[in-house]
Every structure is written in C-alpha cells, then in structure tokens.
Amino acid sequence: MRDITVVRQFGEVVLAIAIAPLFVGWIAQCRAWMQNRSAPLLRQTYRMLRKLFDKDAAMAATASPLFRTTPYILFGTMVLAAAIIPSLATDLPFAHAADAIALIGLFATARVFLSLAAMDIGTAFGTMGARREMMVGFLAEPALLMVLFNAFLLYGSTALPSLVDGYRAHPTVIDPSAIFAAVAFVMVLLAENARIPIDNPATHLELTMIHEAALLEYSARHLALLEWASGLKLFNYACIGFALFLPWGIATNGADSGTALLISIAALLAKLVVAGAALALVESLSAKLRIFRAPEFLAMAFLLAVLGLLVHLLLGTKLA
Amino acid sequence: MLQSLLLLVGLWVFFGIVGLPTRRDSRLVARVLFPLGALVSLIFAVLAGSFLISGQAPQGMILPLGLPDLPFHLRLDALSAFFLLVLGLVSAGISIFSAGYFRAGKGTAPGLMGLQYHVFLASMAIVILADDAYLFMVAWETMALSSYFLVTSEHRIPEIRRAGFLYLLMAHVGAICILLSFGVLQGGSWQFTFGAMRGASLTPFWATTAFVLALLGFGAKAGLVPLHVWLPEAHPAAPSPVSAMMSGLMLKTAVYGMLRVSFDLLHVRFWQWGVLVLALGLFSALYGAIFAAVQADMKRLLAFSSIENIGIIFTGIGLSIVFETCNMHLFAALALSAALIHSLNHALFKSLLFLTTGSVLHATSHRSLGKLGGLIRRMPWVASFALVGTLAIAGLPPLNGFVSEWLLLQSFLFTPEIPHAFANMFIPLGAAVLALTAALAAYVMMKFYGIVFLGQPREDSLAEAHDANWLERLGLAWLALGCILIGVAPQIALRPAASVTDKLLGHSVNTSSIWRIAPISPQQASYSGMVLLAGIVGVVGIAFLLVRLIAHGRMRRVPPWDCGYQWQTSRMQDTAEGFGQPIRHIFATFFHMERDLPSPSDTSPQYRIYIEDRVWRAIYLPIARTTQKVADLVGGLQGGRLSIYLLYSFFTLIVLLVFVL
Amino acid sequence: MTAHAYTVPILNLLAACLLLISFAMLSRRRTQRLVTLFAWQGTILFLSTCLVAYSSGLREIYYSAALTLLLKVIGLPLILHRLIYRLGAQWDSETVVNIPLTMLVGLVLVIFAFGLAQPISMMATTITRNTLGIALAVILLSFLMMITRRKAVTQVIGFLAMENGLFFAATSATYGMPMVVELGIALDLLVGVFILGLFFFQIREQFESLDLSNLESLKED
Amino acid sequence: MELLAVLALPLLGFLLLALFGAKRAAPELNIAVSFATLLAAALLVLRVELHGPILVWHDQFFVDAFNVFLVGLTAFVGFTTALFSRPYMRIEEFHGRLTPQRLRLYHAMYQLFMAAMLLALLTNNMGLLWVAMEAATLSTVLLVSLYRTRASLEAAWKYFILCGVGIAQALFGTILLYFAAEKALGREGMTALLWTHLNTVKGQLEPRVLGLAFVFLLVGYGTKVGLAPLHNWLPDAHAEGPTPVSAVLSGLLLNVALYAVVRCKVLVEGSIGSQLPSRMLMAFGLLSAVLAAFFLWRQKDIKRLFGYSSIEHMGIITFAFGLGGPVANFAAMLHMTVHSLTKSSIFFTAGHASQKAGTQQMDGIRGLLDTNPTIGWGLLLGSFAILGMPPFGVFASEFLILTTAMRVHPWTTPLLLIALGVAFAAIFARVQPMVFGDSEAKPLPHSPALVPVFIHLAIVLTLGVYMPPALAGWYRAAARLIG
C-alpha cells in the first residue's frame, strides 16, 4: 500500500516534468493555428531545452552565488509543487507535508528568488523585471488564496487531495461561488504565467516585458532550467484548476488499481489538450494591457474571489 | 524558579552598574559585560522554557517593597513564561551582537549605554513578571524611560531629539490609559493585585471601558495605527541593537499586556471586543505593509514592517477573542497560538534584520537605500544572515514566518458558522486582507534585500565596506538559527504556545505529531517544514547532479548583457522610490504625496518625492493646533493688571457665597 | 441694664456712618481726602468699640479700643500723610471708572451683604449683632475700591479700610477676637504698612510714579 | 522641649542674622541655624513617633499625624535650601546683583519665614495660624523684591496685594469660625479657636455660619495655595524672586497654606455634614490642574514654567483631598511630600542653569549635559520625577489618585488625562533641548551645591519603591483624621 503510493507519487512527478514542455508547445501550436501562422513542431520546446543545455553558460561577471543557484531552486520548487498537486491521484505522501497554502508559499518562494536573482546583476532591465514580477505576484497570490478559500470553506480542508475527494464524494453539488472562483482563477493563471493580457512570453520588447526581463541575464543550462520551471508552473496551475473545478478522472483514495491510474492519465491528457486550446483562444482574443492596467486586472480577480467567498457564505451549500 | 529568575534580572542590573565607572573606555563593557549579559539571557530562556514545558503550577512571590498596602507581587505562569522565553532567546543574540557593536564614540558613553541597555532588559522582564498594577506600571515606565535614553543616545542631532520626545510622550499618555484601565479593573476592591482583579466582577460597561483603555494604552506601545506615529521615528533614531530590542521585544511586552488584561484579568466577554481588535489589527497590518513599501530609509522600512507584524499579531488576538466569546475554544486556542508564535517569530527575524542594518551602517555609514547596493559581495556573512531574515519575514516556506501565517490562515479558514452575521462576514474579508498583507510583505522585503545587498554599489565609498566582526556574526547566526529551526520544526514553538493556551483557555491545538503540525486534524490541514525542506534540497540536488551529468559545467564570465544596452552605470538600477512606485500607484489614497518631476528640457534633473502619513494631518496636527488655541485663550487670564486679578478673586468669592447661600 | 436703650441705636448710627464713609471713599478722587476719610473711619471704629466695651463691660475690649485709637486713628493716618507728603503725592488725583456705576455696584453689594449676614446675625448674642451685615458690606466695598483704583497708595488705603471692616466685624459679631490674635493682627498690620511704605519709595525710584499702570509688564504674551 | 526649640531657633536666627547678616560668614550661620532647627524638628518627630501626639501650653500648640511630617519636611527643605543658597547667593553677589546689605535682609527674612511657617504648622489656634500665615507673606514679600528690579518689585507688589486681600478674607472666615465656636466652647481661656477643641465639638457648630466661614477661608488660604483663578501672583513671584525663595515658596509655603485649608475643611465638613467643601476642593483642584497645564504650554522663562507646574500639582493635591477617603488622602499627603522635595530640587538646578546661561529664558539655556553634567542630570531627572515618571514617588501618588478618581468620579479622569498629557508635552518639550545638545556656557565662579538636589531626588526615588512604616503610619492616621 505505502510503497504503491510512493511509486505513484514518483510517477506523477516524472510525468509532470516530462509533459510540462509538451503542454507549453501545444499552447504555442494552438495559438499559431488561431493566428493562422505555420505552427512550430510539438517537440520544439524539447529541442530548445536540449540546445540550451549544450551551450556554454555566459555568466555576468558581477553575478553572486545567489544568481547561480536560483535556477535550481526554481526548478526544485516547481517539481515539489507538482508533487503536491493531485494531478493523477489523491493519496500522495507529500500532500500531507504541504497543503494548498504551503503550495502558494512555494510559488511565492520561487517568485522571490527569481526576482532577487534578477536584481543581483544590477542592470536596469533586470531590476525593472524584478519589480514588475513582484507587483504581479503580490496581487495574484492573495487572489489565488481566495479562490482556494472557496473550496476550503466548502470541504473544510486545505489539503488539495481532500478537496478532490470531497468533490468526488458529492459529485452533484455545485456551489454558486464556484463560478466567481473559476473566473478569478483563470485571470490569476494568465497573470502568474506571464500570459497575455498581462505579459507576452513571445516577445522581448524591453518596456513591456515582465517575466522575460527577469530572465534576461540567464543563458544556457540556467536558462533551460528556468524555462522548464516556468513550463512546470503553467502545468501546475492547470492541474490546480482541474483539481478545483474539473476533478473527474483523478484516482481517489482506495481506488488504486492499474485501471484507475490509466483512466486518470487519459483524463489528465484530455483536460490538458482542451485547456491548452482554451488558453490559446483566450490569449488570441485578448490584447496585452498596459503595465499600469495590470494591477486593475488583478485587483478585479482578487475582488471576484472575495465576492465568491461572500456568496458562498450567503447561499453556499453547507456540507457535513 | 521565580527566585532564580529574579536573581538573573538582578545580575543584569548589576552588570549595568559595574560598567558605569568606565568612562570612555569600552573594552570592559563590550568584551565582558555584554557577553555575560547574553549568557544570563540564555539561562533565562532555558529556565522559562523548562517551566513552560514541565507545565508547573504558577509561582507567586511578594517583595517587601512598593506602597505600604501594596507590596510588589510577582508571578510566573505559562503566559509570562512564554514571553520570558522570547525575551531570553532573542536578547541573548542581541547582547552578543552588541558586544561587537557598541564602541566608544560620539553619543552616550559605553558604560552609561550598558547600564541603560541592561536596565531596559531587566525592566521588560519585570513587566512580564509583575502581578500587581503598581509594579507593572513602575516597570512599564522604567522600560519606556530607559529605552528613551537609548534612543536619544546621539542627542546632538535634532531629529533624534524630536523622535525621542514623540516616543516618550506617546508612551506616557499610553501609560496613563493603562493606569486608568487598572483603576477600573480593581473594581472597588482597592486591591491592585492581579489576583484581586481576576476576581473583581465588573458591569459590562465598566468591563468594556477597561478593555478599551487597555487597548489604547497597549496599542500605543505596540504601534497600532493610528497610535503608531512614534514608531517609525524612534526605531531609526536608535542605535541598531536598541532598535532590535524595541522592535523585537518591547512591542511584545505590549502584546503580553494586552493578552494579560483581556484574557487573564477580564476573561474576554464580548465578541465585539474581538471584532474591534481584529479590525485594528488588520488595518495596521495593511497600513504598515503599504508604508514600508514606499520607504527609502532601511530602518524606517523595517519600522513600518514592525507595525505590519504587530497588526498580524493583534489580528490573531482579535480572532481568538471572537472565537472564545462564541465558545469555539479550539479555534480560539489555534488563533491565540498563531499570535503567540508570530510574536516569537517576529522577535527573531525583526531583531535579526535590525542588527544586519546595524552592521551595514557600521560598514558604510549609510542608512538611505539610495546609497547602498551590492553589499553581498563585500559582506557575504551579513548578507547571508540577512537573506534568512528576509525570507522568514516575507513568510516563505520553509522558514518560521510562514508557520505563524499558516496557522493564522488556518484559524481564519475553519470557522464554522459564527452566530453573529456581521462577524461571520467579517472573517473572510479579514482573511483576504491578511493574504494581501502577507504578499505585500514579500514585496517589501524583496525590495529591502535586493536594494541593500544585491545589484551594483550605488556609491563608490561602498567599495571599502567590511564584513561584521565575529561577535556580531555570532549574534546574527544565533537569531538566524532560531528562524530556521522554528521553520523546519514548528513543534518547538507550538508546544510552548499550546501549554499557554491550555492554561489560558483550557484548550490547546493538537501537537501530537513529531514531524508535522496538524493543529485541528491531519485530514483538514497539515504542514511539515522538515519534509518540505528535504523535498526542495533533494530535488535541487538531484537536478544539479543530472544537469552536471547530462550537460557540462563550462561557463564564461562576461559583462552583463542588459539587452545589449552599453552605457550602463549603477545609477540605472531601480531606486527605493522606483520600487515604491507600483504601491504608490495602487494605494494612492493612503498617502499624502508631494512630487516635483523634472521637465524633459531640464539639464540637471531633480526628482523629489515627499510622502506623509495621512494620520498626521488627520489627527495629530489638529490636536496640536487645538492645544495651542486653548493655551492662547488661557494665557489671556494672566493679563498683568492687578485690578483684574483682584476682580477674579472678588468674583470667586461672590460665586462661592451665592453657592453656599 | 438701661444703658442698652441708648447704646444700640447709637451703635447702629455709628455703623451707618461707617458705611457712609466707605461709599465716600469709593467716590473720592484725591488721595489726601481718602486718608482723612480713613482716619474718620478709624475714629468711628474706636467710638463704637468703646461703646461696646462699656455696654458689655468686658475689659479686653477696652484694650482693643485703645489699640484702634493708637493704630488706626493716629498711627496709620500719620504715616500715610507723611508718606504722601514725602512722595509729593498729596495733590495727585485719579480718574475713577464711572463713579455712578461704581456706586450702583456698591449698592448691590450692600444688599448682598445684608442678605448674607441676616440669618447669621440672628444667632448672635451680642448687642451689636445687626451691624455684622454692615461690617461685611464695608469689607466688600473696600474690596471694590481696591479693584477700581489705579494708584498704589489708594489701593493700600482700600486694603486698610478692609482691615477696619474686619475689625468692626470682629467686635460686632463676637466682642473681638482673643487678645493674642488681636495683637498679632495689629502687629502684622503695622509691619505691613511699613513694608508698603518701603515699597512706595522703591516703586517711585524704579518707575518715577506710583501709577499702577506701570506694574503691568509681567504677563503672558 | 523640642517644640519650643523648633519655634525659637529660627527666631533666634532671625535676630542674629538681622545683626550679622552682612558678614562674610552669614551663609554659614544661616546653614547652622537651619541645621539646628532640623535637628530639633527631628527630635520632635522622633518624640511623636515614640510617644504619640503632643498637646502643650494650654493646648495652644500640638503635633499630630497630619502636621508632624510637614514639620519634618519644612525643616528639612529649609536646611537643604540654606545649603544651596550659600554658593548660589555668593554667585549672585559675584555677578553684582546683590549687596551685602541685601544679603543680610535675605538671611534674616529667610529665618523669619521659616519661623512663621513652623508656627503656622505647630499652632493649635486658628487665629495664630492666620497671624503666622500673614507673617509668612510679609517676610516672603521682602524676599521676592530682593533684587529691587522693576520686575521683582512688580511681582512683589502683586504678591503682597493679592495675598493680603486673600488673607483678609481668611481673617473674616476665622472671625466667623470664632463666632460659631464661642457658643459651643465659650469665651473663657481662649479655647474657642483651638482646632483640637473645635474638632471635638464640630457637630454642634452652627452649620450655616461654618459654611460661610469656609468660603472665606478657602478663598483666603486658597490664594496662597495658588488655586486658579486666585493664582496670578504665583508665577510672577516664582520667576522674579531669588531661586532659593522660589524653592521654598513652591516647596513649603504652598504646602502650609493647603494644610490650613484642609484643617478648615475637616471642621466644616464635620459641622455641616454635607460633601459641599469636598466638592469645592475638587472643582478648584481640577480647574487649577487643567488651566496650569495649558499655561505651561506657552512658557519661555524656566522658573515661570516650574511655577505653573507647582500650580498644577497643588491642583492635583487639592483634588485628591476633595476626593476624600483613606486612599486619596494618603495619596494627597504623599504627593505633598514628594512634590515639595522634587520641585525644590528642580528650582536648585534651574537656578544654577540660568546663572550659567546668564538668562532665565529657556531658549538661552542649552546643552547642560555637556557643560555641567550634574546640573543637566539633576534637571532631567527632576523633570522626569515631577512629570510622574516611575519609579519616582510622584508617580506613586498619581497612581493612587488616578485610580481612585477612576472609581469614584470617572468623569473627572478625562480632564486629569488632558492636564497630565499637556503638562508632560509642555515641560518635556522645553527641558529636553535645555539638557541635550551642544552649548557654549562659561563655568561658574563658585562650584554649585548640587548635593541637596540629589539627596531630594534620592528620597523621592525611595518613596516610589519603598515607604518607611513610620511615614506610612502617619499618612494613614492623618488620612483617617481628615476623613
């Protein structure tokens, strides 16, 4: 029993690491189609990573150890996050070590380290990127927390797996606050993962970039790790979304037969495909906001989440 | 136990007095007395901790001093033991650091400084041990007075004098409020011992009066908005170890007082009290965070962040009062332990950070963020300790700051229906504000660390900045260790907190598990810093090895790229003001701002921004103006004409005569 | 005793004179006149005291009567006259604020004093009890005089007149205070007047005048 | 016979100094006499402590719990002030502000003043009490006008007239008291004005008369206590007189006057059986405290500042006596003690400070800790003590007063809070720059005598944390007496 869960945990992490770049690639492809450009190959992202790993690292002369360790720390935190989120199954050893709040903490840690690294070199764009990254962060983070609060209040737990179990226990229940939460969540996801309308991962236009500005001084393997980490982050957010709003197919406690696992993998892939397409659609339909508008966008997300909370308290369904 | 604690307090005072005769020579004080004081602190902490863990019954004691009918009562119970533990642990680090820090120079002579320092320490201990109103007040004001002298040690600078004045004034008015609160609490029994006050039965009106007065008094000391104005002035004015003591420990005595009065003496009675404290706490937290984000002086920044953390602590207290009055004892215990642990954590990392600013000041003699930068290369030790403090105060796992915020959020979350609709609606909003504050804190501390230690030096003089000496490092290391340990093994802090709540509320959170904390039940929520740390370290290690196996370790050192921009100087980095900009933009309503921007054609452009606390204009200036007006009015009475004076006494006579007729 | 048949009306008459003199003082401008009036006041006080002593047959009241004669009829007026002469102040007069108004206020005060003294004098056992109200009125009137005066000397005269009122009150209410106290009071009074004399000269040499408008520099500004 | 000594020694000193006051050794003689008086007083106090209250000479003189500590205090402060005045006056002479003749006057009047106050304290006869108070006024008038400057003359004149008129009211009050008393006690043997006798029969005294008498007595002696709005003489006299005189005025005279008021209050309240007198005291006290606090806010002259602070504290004490009850009375007497000690020590330091700076304007006085640490610390600690900072004794009494007020008359506490807060802001804001910062003042020709300052502050500090049982016993007994 125990070893099985450990194996499952390990498998989930490996899977996450493996398909995160694929997911990113898939979104890029969808966007290309929608903007009827010729799409890059699905494995384009893998290629890029390999190329980066081969290159020699060009490290700024003024870089401190902090700068060099940051990519590993970022990658590590994201992998850990993947281990916490129930993307395939719910009884995960790590889930007991860190609940959803700790998960948000992890994301925050990653962000802070990235920003510190960006400031370390002491270039104009680096510091600018760090500042903007944090600005987006300190608005998105509470919004995400509020989104999670809805579920927490509903199922009386802050552990994502038990949330999923809760959903599976009462499949019929649909809390009215969920709709607010969902919208808020999507907005947070876009912002946190440097997507349009907040940021555009595709460009390096100095004055508008946020995430890319923070990565500006990195090269080769460090850059590869960072790119991979951001891919993982996107994947993690997607999985959080699934766990919160479409938990179908995730193998719950007890059901740890091979078939359940297969079903869950299939379900996950299907969801990813759809979600990727949807994300691409959203990105293609919306235009990038001015940096000053970003706070308003996120404040909106935050308020929506809080509103959802109040709605839940007013006419939310009470569970035992 | 109590006797030995008193003996230790006596030792502190003794050390202080011994150092006094050494006029200008600081060797004895620095190299002998301060380390000894640190040792005493350590023993202090050990005793308090052992008392707490062993869960002994409270110990009382009466000294044959004080007022004739009111000798000094002392008492050691769980609550005081917890705060004594905090005091001992943190002051040990600070004293060691001070041993390396204080040097003969301008300002107070080292001997006198040592005396004031140790008296300050002792008075805080007595405040926590006091068991009657008189001794409490005496110790309380002694604390204020000694810290005042420490703050004004460089009294030749007018700003510092001004800061000291404001500080002592607020402290005194607050003290009078506390005194009046005790006056109500004794409930006509004319017994000023806390024991009698516990027994006194007050009508709701009087109980509320006492509570509000206490909140005013202790809030003024703790720096709750809008009584916080002295704090951002006094903390920067003081020498860094003193700032560390004030921010890390003295504010906690205010927290202690609040807990003592509201839980122990008044046995919390109305949920409205809780909501009041909760609202004040949340507002202060947000306010402090926002103002910290726009500061350009590193110590002012930390001071405002203290206001924020105090706000968080009071949030916990308020929440706990609400739950307690709604008979949700377990959640009350949870919220209270969160508040207690956050007090401990804040004491650790805030003093750590203030001490690092001290080292930076010694090394660079700059306090303004606009003149610092890149110190991580000049002073790696200080920088790495500061990093620990920064991550901890930013509330990031797996350090201690996260633990207390996690616990507090838990208590916010699992509130089953509170019978009062408004309170019920208020709770989630509170959670939202708390989340926002935590995120802002991260922003603030990132700014602090990034600008001081990272990037390029903004001044050439920083080139010869030197790292801290070994004593200072020892002190910093001690505090940093505390941050890490509590973060990784929260039980260390949770156990004592639990035993406090056991004594105070009769309930305590579940601390059974060794390797993780699950305050209510593992199904609901659990957190294990240990595992988290192991996980991160493990993954990072594996990733590192893999990368090294798959790829190669080749690396070239090159000048920074910066999008190929060529003429870049250290002046092009973001300044503190630059970092404040988004916050100023978003929370514009909080500030009273005066900016003058340079015109594009300006050959020597000057950018100046002046940010003021709205509270000044809203509350304090009107008070000052009214006082002045009244004073002018009153001055008219002394017009100098004798016949008018005679007229006064004539009328007084007539009026009184009519009165007795 | 048949004497009472005469004494009481006479006493009341004297008391009335006292009150009249007080009003006169309130209205007088010339300093020297005031001194004269003060002397008259002393004389009447002396007469009434003698009368009381005679009628009540108490030895000690004779002493205090003698004291009055020495101090208030001869001593103080002489000193004051000498002072005024030495200060060259005998001709100087002063503008008193609106005499009719002052009179009116004085009248109100008298009524007030009588009303105040009425119930008390009922309790008195002395034959002079009705005059207590007059004594109080004299005190208040001299108080009013001190308030309205601008010159140092006149203010002092007002002060002494108040002492007279007090003395009269003492005799009329209780046949005088114990002897020790009487002596003490007299001594204090004497010393006080000497000190005042000292002051006049010092003030004169400092301010070149005894006008109190010079003594208004110490104030809140 | 200690009591005789206590009264006679200062008088003797008065005569001696009136003759030899101009000699070089006059200050030492002054000190010697004051010290002898202190010894006698100490013996007297000891006797009372051992054998209980004293009542002598046909009950004309008495010592009970209420006046015993005041006698001790008066003699003590008298002695320390004499100590202080020796170098202070020498310096004044050196600066050419005084001549030997003036010094003779000063010394003689100083002793006379002491004699008058001790008499006022020790006499059992309300009439003699009045005489003594008047004598005290006369002697201090001469002391206030010692410098013969325009300002000092004006101050002395105002002092004389206001207090003279006031004291006259008190005399009328005394007459009324006698008038009421003679019915109860009769005229024979002059017992009718003896406080102890009156106290025994106060129930039979005519309430109406006593009510009236109290008003006059209160206005009369209240003027000397410096209760607003009868206080106007006080700041001028304190600011313009020589510093030792300011010290004894604040430290002793006000106390004695208040003592007289309280004695009267006891009789009257016992007679009319209503709370009216207490109410009056409370009202006067509050008014004085609040007004004085706002006066403090606008001071520029250091001695004037502390003069107003005396008004404030007298207000607080009067208020406490008005509150009544064992705790408040206890606190009031404690406050009397510590206030006179603290305030006199403050005046000592302030005097030397202004001598150093050559001006009494506070803007002219800077950086005392630099130039003369002892003066600086004395002034700083003294100010903290007077501002009610623990562990100084002033805090102990304010603690008791405030807590009592909070229970008995809560509505008064906001006013007290305002008074204390404003006073703190005002005084502290002015003392801090005087003490701290840099300065360029010249050293003094004679080394200042600051031993008294630190003796006083030490006692005040001790009273804050430990009270000798004897003192506590007297306070308690007196509190019971006052009721």
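Note that the chains are named A, B, C and D in the order they appear, and that numbering of residues resets to 1 at the start of each chain.
One rule holds for everything that comes next: contacts are C-beta pairs under 8 Å (C-beta built on N, C-alpha and C of every residue); 3 or more make two chains touch, one makes a residue touch a chain.
No experiment lies behind these values; they were computed from the predicted model shown.
J.: Could you tell me which pair, B-D or C-D, is linked by more C-beta pairs in contact?
T.: If we tally the C-beta pairs in contact for C-D and B-D, the bigger total goes to B-D.
J.: State which chain is most central when centres are taken as means of Cα atoms.
T.: Of all chains shown, the one whose C-alpha centre lies nearest the global C-alpha mean is B.
J.: Take the average of all CA coordinates in subunit C, do the same for subunit D, and state the distance between these two points in whole angstrom.
T.: 31
J.: If you average the CA atoms of subunit A and of subunit D, how far apart do the two points sit, in angstrom?
T.: Centre-to-centre distance between subunit A and subunit D: 78 Å.
J.: Measuring centre to centre with CA averages, how many angstrom lie between subunit B and subunit D?
T.: Roughly 44 Å, centre to centre.
J.: How many Å are there between the centre of subunit A and the centre of subunit B, using C-alpha atoms for each centre?
T.: 35
J.: For subunit B, give me the residues that contact two or more of the other chains.
T.: In subunit B, the residues touching two or more other chains are 635, 637-638, 642, 646, 653, 657.
J.: Two-or-more-chain contact residues of subunit A, please, as numbers and ranges.
T.: There are none in subunit A.
J.: Of all residues in subunit D, which are in touch with two or more distinct other chains?
T.: 157-158, 161, 165, 212, 295, 298
J.: Quick one: do these chains touch in a line, a ring, a star, all-to-all (complete), or other?
T.: Basically it's none of the tidy shapes, so other.
J.: Between which chains does touch occur?
T.: All touching pairs, sorted by chain label, are A-B, B-C, B-D, C-D.
J.: Quick one: which bits of subunit D touch subunit B in the complex? Just the residue numbers, please.
T.: Going through subunit D, the ones touching subunit B are 157-158, 161-162, 165-166, 169, 211-212, 214-216, 218-219, 223, 228-230, 232-233, 235, 276, 280, 291, 294-295, 297-298, 327, 369, 384, 387-391, 395-396, 399-400, 402-407, 410, 413, 417, 420-422, 424-425, 428-429, 432-433, 436-438, 464-467, 469, 472, 475-476.
J.: In their shared complex, at which residues does subunit D touch subunit C?
T.: 125, 127-128, 130-131, 134-135, 138, 141-142, 145, 148-151, 153-158, 160-161, 164-165, 168, 171-172, 174-176, 178-179, 182-183, 187, 190, 192-193, 206, 208-209, 212, 236, 239-240, 295, 298
J.: Can you tell me which positions in subunit B touch subunit A when the two form their complex?
T.: Touch list, subunit B to subunit A: 373-374, 376-377, 387, 391, 394-397, 402, 406, 409-410, 413-414, 424-425, 428-429, 431-432, 435-436, 438-440, 442-443, 446-447, 449-451, 454-456, 516, 522-528, 531-532, 535-537, 539-540, 543-544, 547, 550-552, 554-563, 565, 568, 570, 572-574, 578-579, 581-582, 585-586.
J.: Which positions of subunit A touch subunit B when the two form their complex?
T.: Against subunit B, subunit A makes touches at 53-54, 56-62, 64, 66, 69, 72-73, 75-77, 79-80, 83, 94, 96-99, 101-102, 105-106, 108-109, 111-112, 115-116, 119-128, 130-132, 134-135, 137-139, 141-142, 145-146, 149, 152-153, 156-159, 162, 204, 206, 216-217, 221, 225, 292, 295, 299, 302, 305-306, 309-310, 313.
J.: Which bits of subunit C are touching subunit B when the two form their complex?
T.: 112, 115-116, 143-144, 146-150, 155, 212, 215-221
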